[in-house]
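Reading through the structure tokens given below for one structure.
Order as written gives the chain letters A, B, C, D, E and F; numbering starts at 1 within each chain.
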Amino acid sequence: MRPSKRAVDELRPVTLERGVSKHAEGSCLVKFGDTHVLCTASLEERVPPWLRGQQRGWVTAEYGMLPRATGDRMRREASAGKQSGRTQEIQRLIGRSLRAVVDLEALGEYQISVDCDVIQADGGTRTAAITGAWVALRDCVEWMRARDMVKKQDVLKDHIAAISCGIYSGTPVLDLDYAEDSTAETDANFVMTGSGGIVEIQGTAEGAPFSEEEFGQLLGLAKTGIGRLVDLQKMSIL
Amino acid sequence: MRPSKRAVDELRPVTLERGVSKHAEGSCLVKFGDTHVLCTASLEERVPPWLRGQQRGWVTAEYGMLPRATGDRMRREASAGKQSGRTQEIQRLIGRSLRAVVDLEALGEYQISVDCDVIQADGGTRTAAITGAWVALRDCVEWMRARDMVKKQDVLKDHIAAISCGIYSGTPVLDLDYAEDSTAETDANFVMTGSGGIVEIQGTAEGAPFSEEEFGQLLGLAKTGIGRLVDLQKMSIL
Amino acid sequence: MRPSKRAVDELRPVTLERGVSKHAEGSCLVKFGDTHVLCTASLEERVPPWLRGQQRGWVTAEYGMLPRATGDRMRREASAGKQSGRTQEIQRLIGRSLRAVVDLEALGEYQISVDCDVIQADGGTRTAAITGAWVALRDCVEWMRARDMVKKQDVLKDHIAAISCGIYSGTPVLDLDYAEDSTAETDANFVMTGSGGIVEIQGTAEGAPFSEEEFGQLLGLAKTGIGRLVDLQKMSIL
Amino acid sequence: MRPSKRAVDELRPVTLERGVSKHAEGSCLVKFGDTHVLCTASLEERVPPWLRGQQRGWVTAEYGMLPRATGDRMRREASAGKQSGRTQEIQRLIGRSLRAVVDLEALGEYQISVDCDVIQADGGTRTAAITGAWVALRDCVEWMRARDMVKKQDVLKDHIAAISCGIYSGTPVLDLDYAEDSTAETDANFVMTGSGGIVEIQGTAEGAPFSEEEFGQLLGLAKTGIGRLVDLQKMSIL
Amino acid sequence: MRPSKRAVDELRPVTLERGVSKHAEGSCLVKFGDTHVLCTASLEERVPPWLRGQQRGWVTAEYGMLPRATGDRMRREASAGKQSGRTQEIQRLIGRSLRAVVDLEALGEYQISVDCDVIQADGGTRTAAITGAWVALRDCVEWMRARDMVKKQDVLKDHIAAISCGIYSGTPVLDLDYAEDSTAETDANFVMTGSGGIVEIQGTAEGAPFSEEEFGQLLGLAKTGIGRLVDLQKMSIL
Amino acid sequence: MRPSKRAVDELRPVTLERGVSKHAEGSCLVKFGDTHVLCTASLEERVPPWLRGQQRGWVTAEYGMLPRATGDRMRREASAGKQSGRTQEIQRLIGRSLRAVVDLEALGEYQISVDCDVIQADGGTRTAAITGAWVALRDCVEWMRARDMVKKQDVLKDHIAAISCGIYSGTPVLDLDYAEDSTAETDANFVMTGSGGIVEIQGTAEGAPFSEEEFGQLLGLAKTGIGRLVDLQKMSIL
């Protein structure tokens, strides 16, 4: 039995609330249970120096946590003077995941910066962030389309969403919350497109190594979960 | 006529929502119109090194803004590697203001860290932060009292709240929003206690210098506004 | 009785010594008793990026303290790798105060950087710095005028000077030195122009909150003191 | 045909040269073709603060690249003032991988720091680093055993090695060099133990998403490759 | 003919003014012509961690330049966030030079920090700093002796002073000012004790390499100059 | 008798191995006994900002040590976030020394960056670095000549090499290793050209001051040693 009493393949309650920011071109407050992440997409007219003059755009992401998003207060990264290795790892992952479904040439010479700020954490912040970031990014692209800033239909080639799976007390389960994550033997994050293509897999043995068969079970759970998340994204933008 | 169409002595709609964080010992989401600040109070068992062994506690504050809290995206301070002078100035002000109404000896050898993170900005973030921080701080002290961690009744000696005033188009007005703040000739922030004592005054001429009489009018408006804010604090904790 | 045995409205001996730097376009060693600040004004041909091409200039200020300017040696900020919040707060105040009396269009596309370095500290360093900085700035403008770099008469619209006041042992007094400042109940800094306009007010309750009446007394003392400082500035540039 | 003319399941020539450092308790210069990484294991008597007094040890890793290890000179991280996100991501991976095969209680209250410095890079530096780091770590443990600093036989529970695989021109191939890596559609890194348990999987779609079937082929190649690497580790320590 | 019209072996006017700081245990404002350096010696009860409990003291030095000490304003190191390589090189030299004449065991478990801040620069700041630092250090030791904090007579074993020499227009000359220094072919700094022992030699060819004979001439000039500086130190402490 | 059993004027075994980097335009692995330094010369098309458009080139150097190059592991500078004063001092010395024999106008508008990374340290790393850096630099210039990127014959005007000398147990000796260096009374580094011109002298009394006569003996030893190093450079490039 999971601490959360969920079935092994059951997601936490997921909500995607759009338009939560007065200023951002696209925004989404995503909740995976008690994990709450505010995603904003900001349109900028400048692209990174190495892209200038190439008629292509860029999508990048930054990730942060409010100091008391967690059970114990963490030191504020702005005060510590640098972003931790974990923060950088996550924001690189979010950026890569989003770019996998963006046609950068269709975007034109613009940069979209997606900020994912964790308001409250209860496990799975990076997967919630990716799932919500897609919604914010999509609304930013629609904002541009309404102003004739992009010509083609297909700046966004597909949906992208993410979920964690893990082996908890010997059983593969979907969408780990903090209580599960902190004692899971294996922890894996999956990023997939709406059409089921895999964009990123990260699996880590926290205790004993895991087998190929176990990994296959995690991948199976992830496909199910991401399918549901993509459905929720579709409903949110109706 | 003010851009916001408010009367000269009219506050924006103010709300104080308690208990918004699953983890923090005290929390408050404060809204002054479109300015939204999340305040959390975190109890820590260690005090700063220079206070150790003195049977006294400490209250400190940190302030931050999400990158897209503002009209244009600002660089993330954690990524820039340091907090701006403005950020440090504001968080020092919040900490000083809270300590003015805390009996640090009654608190005992604990530190309470109050984080004020601006989710959305529309002028007056520091005054909203102080007003909400008091509520988060108060709930943290109640959390301690429920666990018999503080003995005396009077850890909090009084309320504390803050408001900005300014001279807009030649007229003194209360509670500047961004549209007013960016063109006001004079901008002043006031921090006062529930019993009307002044804790901090900061007045700055943005254009022409101001006169003693004008300053007196701003102070009068501030007393009215802070009185209302303290009433709202009282209602929020009923 | 004040520790310094001064009357309540008595300034410390103030001197303004011009031309103390072989290199700077304007310079002034200002002394408020044992508080000694070296102010230099440096003319630079570049303006900040956001001002370029607008035919306007800029005035900025930096503030520093020698490590042993104080009773106990402080850590050198260059060695610590950053400026403290206090340093940034003060240098922002000095810059704002100077700009309040400069016609930036009349200055033309130049930047004047004023460095205020505290050689010895005994309370009131920021007010001494502002008072001396005006003299350095004025001599820099004269240096430019002698070379036909500014056309109009009125680059400097007025004098600017600053003084602290406080409530010491229950009595409002003028120009706090360190012994008074460290035990004062209330500490306020005032920046005013030669014609009596208020440019900046910063009042802080160190212990108990203060009343509107007390604040009015401090403001009255400040007007007297700043009037005398402006007279000294005028004599220094005869 | 691969640019390197290797068969799809063919490793580059791999060598593991032990004892290359006069000072380190364990060391190994590992070469995967033109990728050369110097691994040193340093024994330290102190453990991280959060482990003190728990009778357990720790293994950590740091990763660096000489500025001209690569085709174009990169900025020296010591001069830039910080480690890049990529560097931190890799050194966290190396540390996690090594700890997966270390019995930290058997190690006792010691820390072993493994430094992996890339002398020359041609793709696959992180996988070479992990493979060589195990050899350096093993020799450090032997060094301790020779001095009776560890009691039990089984500080090292197993071998650990790593390899990259990718889809190059539509074909899954083993051990990507730089020419292959920079144009591969998918890039995956695998870390496994000597007994075939999986410790870490990181797969990233660089262009189009990949399918579950393709990922299975990469995993199959990795198992073959890591089996050979473990054999080479065994021969190196005979 | 030298730009300064001095004879080849003629020092600039040198003054050593003691007791210039209200707070420091020892202080000296040293002037070598237009080069002015404020030296303060601060007594601290703590020694560096690696010296604790060894009944020995330490002497260290820090060096800084006010931003407009030079012809063009330099960026403030506290604002830049780090000390330049040049600054660090100079402060290490000053510290080494002072320690060469201090009996660290006789000093006892104290640290003396000597700050050398260049108020105005015209070449030779490091040699002026060393020469003045000795006076500040000596007065700090006397301050301690007056309070019975040091027992032995001989904490200071000798005088220490420094001078630069160079080859200017083909001629070896003593005590380069900025105009000479910036065009000299060779620049050398010498640090010697009162009894003529050499503590530090730093010679650099700025243009063509120099010969052993030329170097001997520079050394000869330096001995003469340092002899005079030591005489001035002796007179200053009469 | 020296710990190394060498004669007083005997160098350690010195080797200069060229072409050790697959990527760099010039490279040399230099060994002075157990001191091993990898030197790479990287050609870059950009020059520093202050040189642009002047038809002149630049040569610069950076120096680093692998963390376990030494007996005890040192903190990685990239992780510490800054280069130590020692590191900066050494890399400035290497750059100056190389530039002393380069005709920067003949080089044309290119920059050559020489990286000297200490793989293993046993004293004398800076002198080995300079000696090896010349070989790497020379091969980089040859690489340019083979591509007609430099016209004139004489980009390199001469050889440059460096050696340390010291007074060990009262006797002047050549080429100190770590065991000798750590107990030597005096330590001096000499940089000279192939034709015997002196480019840099750095002599430091570690214990008692040294005399002019002793210094002369060290200089004599250095001339002998550098002569041999230049011969080895010549043989290495035959």
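One rule holds for everything that comes next: a contact is a pair of C-beta atoms (placed from the backbone, for glycine too) under 8 Å apart; a residue touches a chain by one contact, two chains touch by 3 or more.
Just so it is clear, the model here is predicted, and its values are computed rather than measured.
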| item | value |
| --- | --- |
| Where chain A and chain D overlap in contact partners, by chain label | none |
| Neighbouring chains shared between chain C and chain F, ordered by label | E |
| Most distant chain from chain E by Cα centroid | A |
| Equivalent of C-E within the choices A-D, E-F or A-B, defined by over half of its residue contact pairs recurring | A-B |
| Inter-chain centre distance, chain D versus chain E - centres from mean C-alpha coordinates, in Å | 50 |
| Rounded Å distance between chain B and chain C, as computed from the means of their C-alpha atoms | 28 |
| For chain C, residues that touch 2 or more chains besides their own | 81-82 |
| Direction chain F, origin chain D - full chain order round the ring | D, F, E, C, B, A |
| Footprint of chain B on chain C - complex, ascending | 82, 85-86, 88-89, 91-92, 96, 100, 188, 192-193, 195, 197-205, 208-212, 215, 219, 223 |
| In the complex, chain F residues that touch chain D | 21-24, 27, 34, 38, 40, 42, 44, 62, 64, 66-71, 73, 76-83, 87, 113, 115, 117, 119-120, 122 |
